[in-house]
Amino acid sequence: MSGATNISPSRFLAQDNVYLPHIAVIERIIEETPGIRTFHFNFKDKKLGEEFTFKSGQFGEYSVFGIGEAPFCISSSPTRRDHLEFTAQRVGRVTNALHRLGVGAKIGFRGPYGNSFPLGYLQGKNLVFVGGGIGLAPLRSLIWNVIDNRDKYKNIALVYGARSPADLCFKYDLDAWGKNKTIKSVTTVDRGDASWTGKVGVVPKILEEVAPSAKNAVAIVCGPPIMIRFTFPVLTKLEFTPEQMLTTLEKRMKCGIGKCGRCNIGNIYVCRDGPVFTYAQIKSFVSSEY
Amino acid sequence: MEQKLRSEVKALLEQGKVDWIIGFEPGSLKFTTTPLITKDKNDAERLVINPFIVNNLANFLTEIMGRVGIVAKGCDSRSIVSLIQDNKVAREDVVILGVPCTGVIDLSKVEKLVGKDRDELNDIAREGDKVTIKVEGKKKGFPSTQVLFNHCLACELPTPKEYDILLGEPSPPIANLAAQERIEKLRQVAPGQRWAFWEKELSRCIRCYACRNVCPACFCQRCFVEETEPQWVLPAPRWQDNLIFQIVRNIHVAGRCTDCGECERACPVNIPLRSLTREMYDIVGELFQFKAGMDKDALPLMTHYEEKEAEDFFR
Amino acid sequence: MTNSKKVNKKDVGKLLSQWSQEFAIFVPSIGSGVATMARWEGKDTSFLDWYRNTVIPPKANFLPPMEEMFSFRKDREGYNIELPPNGGKQLIFGIRPCDARALTTIDANFKDLYQDPYYLPKRSRAVLVGVGCTNPYDSCFCTSLGISPADSNDVDLMLTDIGDEFLVEEVTDKGKKLTAKTSGLKEATKDDETRAKEIKEISYNKVTRKINAEGIVDKLLAGFDDQDYWEKVAAKCISCGICTLLCPTCYCFDINDELVRQQGTRFRSLDSCAFPVYTKMPMENPRASKWKRVRQKVCHKFGFFPMNFNVIACTGCGRCIRLCPVNWDITQILNSLPVRV
């Protein structure tokens, strides 16, 4: 269903039960913005930690025991495995509980679920990453993955923006990428503040200014739905075909494994057949409810 | 009454006095009707008035935009007035087509009386205080009071007081005390046993929320059961949480519930919900001498305070 | 000699008693206040007289309204997670062909990609003893979906009412194993089998409600974006959960946690796409509008599910029609789909 990647189930089942989470320990918490935190964690079972693999774009179901479970992408790169990461915005019951946790707290993890960014398809191409707000989380897994295998890819460009300088996530990554001469990184905000000296403008508009070439290129877009809806037309104008545009879709999820029915768009399940889709696939969905 | 209804509805739509019509049309099963919500004046011919017009159509007023012509029995008209009191509906946006009601037939009572299911009956005919049921070719007569809904037998306003067009001659309340027998019996039961009674009844609740969704008084955009911060009740049908749902819902609709009986009628697992709602209705009547939906100019009970109110609950 | 057995209706209690040594027996019952499959208390078989079908479908025996997935207790190391004990073996007596087919239908969802560790073991441990309908409701439309009131495809033993007796067909090996150790069954004669065949045909013809299921997937999805049409279809729906929670082929569930001091459980419970919060996300709700939810229900059952699993997620049991508070009728919708070019 998703181009070059296959849907294969996670091998890492606890007690042979697909709903049972593994215990994980939070090792570090980074406050990206007042409402967004990144959690660094490792499995309590060291052996599992060594065996565990995942691909960029996949997600996990994270439990705060007694409060609930919620899906977040794995925002660290598979090439940097001393720990795992996920990023969550405080919006509801589970995320509020997550944000009350401290270092050393135990959470649950199930996964990895979903498909992944099609690395085979991306190799040898120019990559244009377009991110907004917390949407940088799934992208950064892929960006570090690509940087760590730099010679397999051609040009790398990133256009990232947030509502205001305080809402920029992963500022440490933006710093590092800004200093990396092998990638071109542009950061923008919808509106600046007194000390902001960078670009001002919504991401789709800045993307149009940067005007990356569509030749041998793939665009990977992650952000709030409204940003995505305005970015696709810009890419089309820049002559990217729908097959050259990738994105991750988001829906309310519970089981994460295609059983509870909730995250469906027509006959596909975002948790099972996604979350990575090309725009061409999205346009071919029987349902327009994306 | 049907002919008058159809011609009035046609006129209302033709003259552009309303945008929508809500009424009843024959249902897809024997002895049922179903709501008809339409803008098309040709649909006027589909409207019916018969002993099976069970729904409280006021329920749809909070979701339909524009001016509505609505068929209303006495109980329904009280719900409309209650919504007007709550400022959910403007009086000038509704044209109330009042139906003087002589009671709606409760098919589950018929089924119990005759020992056959609804689809096995040949005919049900009502004539005044007699009802004739034809089953397997044979006719059986019963007094109407044995087949009407309990809330119809206990109804205090069968003919709408507030209306724009009255479709027939006013009909008096049936005022049959048999209706309240079940609730009276429950009042005599000791609290401990009453708790066990409700544990048994609410254990079969499946949390379909039909009781809430048929109720015109339940119009909250986000119901308290849907809150997660904090989570007031478990989303799952554990009987204790089902009980809390009912208790809190009753408190939330107190002073606006008109005892239309729809909650109990809609419940797919036969929970005697009117034993709770009517109880609350009677408590409200006793404490505040207030009955919902009787006076469109009255202020809603729970949202205003009068100095002369009793203060004996302050300690 | 035939391959079938038979049992006198008066002796059904004796069968159940024998089977209760090995299985938890479930029979149609109204003791709880609503017709459902309940534990047989050991004597009463009067359900054979009144039973047409239950209100609560037998899916509740495999996908319960509320089911513990695991419990956890906080300890110094983290959390100690424990699975609930393995359930016993169920024998569902009196399951109707529509409900049995429904279980086979939703098996596909619970087997897909991952094996569901709660539903599937219950299914494989259970024995289904079907009893054919002789008195379908006017809301039944199983015959339009490739099932008949006497269909034996999805049960282990199939009983057909031939008067004072039931013809007993052994459908699966599980069924044969059961009858091999059951006493009280007689050999059926050719006449019995002929009588059963007649009864089955009579029952088939008693189903009067029909839909045309041919090409329904394409017919439906052609009009997916027709908002005016779906708004009309959805107008009288009140967005309760009756049709979905009581539907034998609906399986959507919710997962929640509960914590009391240091101990808690994660449980799943039946959920419904008819509820507005079903798809609610913090920033948007793709199905906040009622017409989109009604469209989802119809299109999922008769469009998306068949696209994925080659079978319509409906077996014509008619519960949704019988129990809907506003008499919203899916057969009316399906029989009046606009013809789209």
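Here are a few things to note about the model shown:
As written, the chain order gives the labels A, B and C, with residue 1 at the start of each chain.
Please note the rule applied: a residue touches a chain if its C-beta (ideal position, glycine included) is under 8 Å from a C-beta of that chain, and two chains touch if they have at least 3 such contacts.
Fair warning: this is a prediction, and the values are worked out from it, not measured in the lab.
Distance from each chain's C-alpha mean to the overall C-alpha mean is smallest for C.
Looking at B-C alongside A-B, one finds more C-beta pairs in contact between the chains of B-C. If you average the Cα atoms of subunit A and of subunit C, the two centres end up 39 Å apart.
For the pair subunit B and subunit C, the distance between C-alpha centroids works out to 31 Å. The distance from the centre of subunit A to the centre of subunit B, with each centre set as the mean of the Cα atoms, comes to 50 Å.
Chain contacts: subunit A has residues 92 touching two or more partner chains.
Taken residue by residue, subunit C touches two or more other chains at 254, 256, 258, 271, whereas all remaining positions touch fewer. Touching subunit B in their complex are the following residues of subunit A: 92-93, 96. Interface of subunit A with subunit C (complex): residues 7, 9, 14-21, 23, 25, 44, 63-69, 89, 91-92, 106, 108, 224-225, 250-252, 254-255, 257-262, 264, 266-267, 272, 286-290. Interface residues of subunit C facing subunit A in the complex, by the touch rule stated above, are 69-70, 72, 74, 77-79, 81, 83, 109-110, 112-117, 221, 224-225, 251-259, 264, 266, 268, 271, 273, 278-284, 286-287, 292, 296, 299-300, 303-305, 307-308. Within the complex formed with subunit B, the subunit C residues making contact are 32-34, 36, 52, 55-56, 65-66, 137-139, 235-236, 238-242, 245-246, 254, 256, 258, 267, 269-272, 275-277, 290, 321-323, 325-329, 331-332. Here subunit B touches subunit A in the complex through residues 228-229, 231, going by the rule given at the top.
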